[in-house]
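The data blocks that follow each hold one structure.
Paired with chain B in one complex and with chain C in the other, chain A is shared by the two complexes that follow.
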Partner chain A sequence: MIDRVFSTVVFAAAALVVAALVWVLTDVVSEGAARISWAFLVTEPRDAGRAGGIAPVLVSTLWVLVIALAAALPLGLGVAIWLSEFAPKQRGFAAYTGITLDVLAGIPSIVYGLFGNAFFSVYMGLGYSLLAGGLTLACMILPVFIRTCESGLRQVSDDWRQGAWALGMTRAAAVCHVLLPAARPAILAGLVLGIGRATAETAALLFTSGYVDRMPESPLDSGRVLAVHIFDLSMNVTGGDGAAYGSALVLIVLIVLLNGLAQSLVDNWFKRRISQ
Partner chain B sequence: MMAKCLDHLRSKDGRWNASLALLTAGMVALLLTILLFLMSEAWPFLISADTGHGGNRLFTNLLQNPGWYPLEGRFGLAPMILASLAVMLGAILIALPLGLINGIYLEFYASAAFARGFRLLLNLLAGIPSVVFGLWGLTRLVPWITQWQPPGASLLAAILVLSLMILPTIALTSASALASVPRELHTGAIALGLRRTSQIIHIMLPAARSGIVAGTILAAARALGETMAVLMVAGNVVQIPATLFEPVRVLTANMALEMAYAVGEHRASLFASGLLLTLVVWGLSWMAYRLGRHQRKFARHD
Partner chain C sequence: MFQRLTGLLLAVALCLSAYGVQAADNRLILTGSSTVAPLVLEMAKRYEQQHPQVRIDVQTGGSTRGVNDTRTGLAHIGMASRNLKPTETGLRVHTIAIDGVGIIVHRSNPISSLSNTQIIDIYTGKIRNWKDVGGRDLSITVVNKAEGHSTLELFLNYFALKNSQVRPSIIIGDNEQGIKTVAGNPGAIGYVSIGAAEFSQARGVTIKRLPLEGVAASVAEVQAHRFPLARPLNLLTGKSPSPLARRFIAFAQSEAVADLIADQFFVVPR
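On to the complex of A and B.
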């Protein structure tokens, strides 16, 4: 009897959650699909975004993402390699770095926005620009990216390291040709997490890359990313809800596409490395 | 020849080691820079003496409530701190029981195929941008609450949207905490002839407790630091809410709203609230880390 009551409660709660989640998803997809067309993607916004498209917003989003990844990827991989291969004991300086990374990962995104504004926009004189926004995002995604890559590299069996050593490879060569390809799933996971966070981020970009919805001409121009566009349309523009749902669907599809792209790029790159 | 070759290899490794260590030191420098800039921007506010009451302005602002009138130099953060806590606690109150039951469902009740689909859905939802949740809350939830109790944009709306956002996290972490309980405990409970409800409530949940609590604390930290979704549905009136249906403004929303035009001491007060928020979130993450470590130890020494 009690078993039956309990399992009914469990199934009801699961059904409730599934229903709520499916409600959100279908709303976004159906409302968004009604707005999306080729013209929506390639034209400039008109009438504060109520009409027209999102072309400059898409371009700004990609700019910010490319800048963030270009800064975070090499730095992050380098630090992860040092932590796992050159300081495997996690003592002294390496232990402090580990704590630092966890502390950095805990900072709320809006606080990264405050920092980005004070450091990149004001102190470095970049103003409200795509570059300032991208660099702020790079700081934000670095800790999680490093941690994921590091744990992936640590999980590679020591047999591989000893094999590389026995073949007379330098540590650098072993990392490039053996260990990184072996840690591919973790690197991919870190990349996907970083892309997801960077593309979805709004709060950190409000006062670093700014609000301007013109087509950016260089990374030093201010530009409005998709997430900020959605925020602005729904909060500050009456009658902007339709376009906001359209942009929301584009944003979700973009995240899914970028994840797929990251997966195939990383796969290709490492396949070449191994077969060389 | 051989020795020369090895020397060459070693020096090459040394250069790699040195340059990568330098990069790593850059991470520590990044954290220090962030702290330095937050502190230096917040400094005018942290040290300024309050002429009216005497003593440090930050503490008088926290303890008394002069109201939030930045243009007149009155920076009462108390209503926003209370609102942040109320939104966080409310979201946890809804999301914890629901998420926990869903974790139990995933671990003990769902068929393999259904569990896989459910996990996929939860992961998908965990990856949806917060601004999209905010948009959905603003256009669906708020009008719905307005029909019931105007004005709609309220503490309740913020709590509901946030609980929907942290639910996937709590469900997935509880499921993995339950999965990491030693199998012997479960088989022992079955061998004792306990009914299924007792197995779960009296054996499995207590054993997975610290992992579940750790996941919940992490979700709470996320709820506290969340900006966009709350900003979009909470109404953003600075006040101490008396009922669930009154609009509130949380700390993060305040920063997002006023950063664009704040100067001088006003700007410093926003950085100070950012610093405060960061310290609280760090405290929560540290608690979650300690509890999580306890759970892992438990799982090893079975």
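On to the complex of A and C.
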């Protein structure tokens, strides 16, 4: 009896979560699908975003994402490798690094926005720019990315490390050819989490990459990302709901595409490594 | 290897600095009110079309940010959807549009007007049910704006209230949120931009505008300067703005942008 109640309750929980997701998706698809067309993707917004398309917004979003990942991936992998392979276990500087990362991971994104505005935009003189926005996002996704990669590397069995030493591999070679490929699922998970958080971010970007909806000409230009565009259209621009739904649908499709792309890239890259 | 890397970095740095210098005299940065930003963004686009070498970046952040950024020089021009406070000195004000603020209730509400005293009593919590002002037996949901919004300051000023006296049921942010909140709540009362309310009503959103002191809450009455509750939408500069800033402000105050002001549901100042 208790078992049956228990299984019903957990099933209901699962069904509730799926229902919520389906509801959101149905709402966005049914309201947004009518707005989507090739012209919507390749023209500039007009009349404060109510009419026209989202081409510059889409380009800005990709710019910010590429800058954020280009800054966060090498740095994050480096820190994760150091923490799991080279640092003295849970002592001294490594322990402090770990605590710092956990604190940073819990900070609300608006705080990163204020920091990014003060540090990248004002102190470093980048102004409102895609570069400032991308670097702010990099700071924001680093803690989670590092922690995910680190735990993935730690989970690799010590047999692999000993095997690599027995073959006379250097530590660097062992990391590149054995440990990183073995930690592939974790790195991918970190990447997907990072992409999701970065593409959906509004608060951290409003005051760093900014509000300008012109086609960016360089990374030093200000550019409005999709999330900021959706927020402005739904909360600030009267009559912007239709375009907001259209943009939201584009954002969802974009995140799905990017996650698929990340998966295939990571898979390909590491498969070659392992087979070499 | 290192030499090549250094060379590359130097080249990048040179490009960036050249870009910075080139950008200095034909680039304007505006920050401030989120109400004014969409309007000025459209004006900036039209100006850029006519002057292809100019770049005008419009950023948001609220009226107070507009004031502060202009005073510290972070922005060439600030945007504010209110008059300056006595402490905000050293700035020149250039009005580009007028925005009326009207009281709205749900469309199903049979009330057709409220006196100023009744509105004050509702917002201070002395009247809590619509039947006390001649309506149905339905409790009143008071929708107030969050601290820092200039519509809130305008509303409080006009009715001589302090925000601590107001007993709100719901606190909201931007205009559009106010319209959506009242439309979804039959007992609600709120105050929003008249142009936006008129437009939403025409599209079938379930709200109703109430007259104030006997004057209908319509764009036409705001235009005629008869509606009592209105605010200026301003551009702010320091005492001596740059030539480009001066030219853009003249453009923003000219006939050439009258259609843009109407498109954003504001009124051209006369």
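The rule is simple: the second predicted complex is superposed on the first by the 253 of 276 C-alpha atoms of A that agree within 3 Å, B and C clash if a C-alpha of one lies under 4 Å from a C-alpha of the other, contacts with A are read in each partner's own complex, and residues count from 1 in each chain.
Assume a residue touches a chain if its C-beta (ideal position, glycine included) is under 8 Å from a C-beta of that chain, and two chains touch if they have at least 3 such contacts.
These numbers were taken from a predicted model, which means no experiment stands behind them.
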Three-chain arrangement built on chain A, chain B and chain C clash or fit: clash
Touched partner set for A:48, first chain B, second chain C, both or neither: second
First (chain B), second (chain C), both or neither touched by A:235: both
Partner chain in contact with A:206 - chain B first, chain C second, else both or neither: both
First, second, both or neither for A:65, with chain B first and chain C second: neither
First, second, both or neither for A:198, with chain B first and chain C second: neither
Greater chain A contact set [chain C / chain B]: B
Partner chain(s) touched by A:214 [first = chain B, second = chain C, both, neither]: second
Chain B versus chain C as contact partner of A:123, first or second or both or neither: first
Which of chain B and chain C A:115 touches, first, second, both or neither: first
Part of chain B, among the options 56-64, 110-118 or 254-262, whose backbone runs into chain C after overlay: 254-262
Footprint overlap on chain A, where chain B in one structure and chain C in the other make contact: 206-207, 234-235
Residue numbers on chain B that touch chain A, as the complex places them: 9, 12-13, 16-17, 19-21, 23-28, 30-31, 33-34, 37-38, 41, 98, 101-102, 104-105, 109-110, 118, 121-122, 124-125, 127-136, 138-140, 164, 167-168, 171, 195-197, 200-201, 221, 224-228, 231-232, 252, 255-256, 259-260, 270-271, 274-275, 277-278, 281-282, 285, 289
Touching residues (chain side chain C, partner chain A) in the complex: 16, 19, 29, 34-35, 37-39, 41-42, 45, 48, 55, 57-61, 74, 173-177, 179, 193, 195-196, 199-200, 203, 263-265
Of chain A, residues touching chain B in the complex: 2-3, 6-7, 9-11, 13-14, 16-18, 20-22, 24-25, 27-28, 75, 78-79, 81-83, 86-87, 93-94, 96-97, 100-104, 106-115, 117-119, 123, 139, 142-143, 146, 168, 170-172, 196, 199-203, 206-207, 227, 230-231, 234-235, 241, 244-245, 248, 251-252, 255
Partner chain C, residues of chain A touching it in the complex: 47-49, 122, 127-128, 206-207, 210-214, 218, 220-222, 232, 234-240
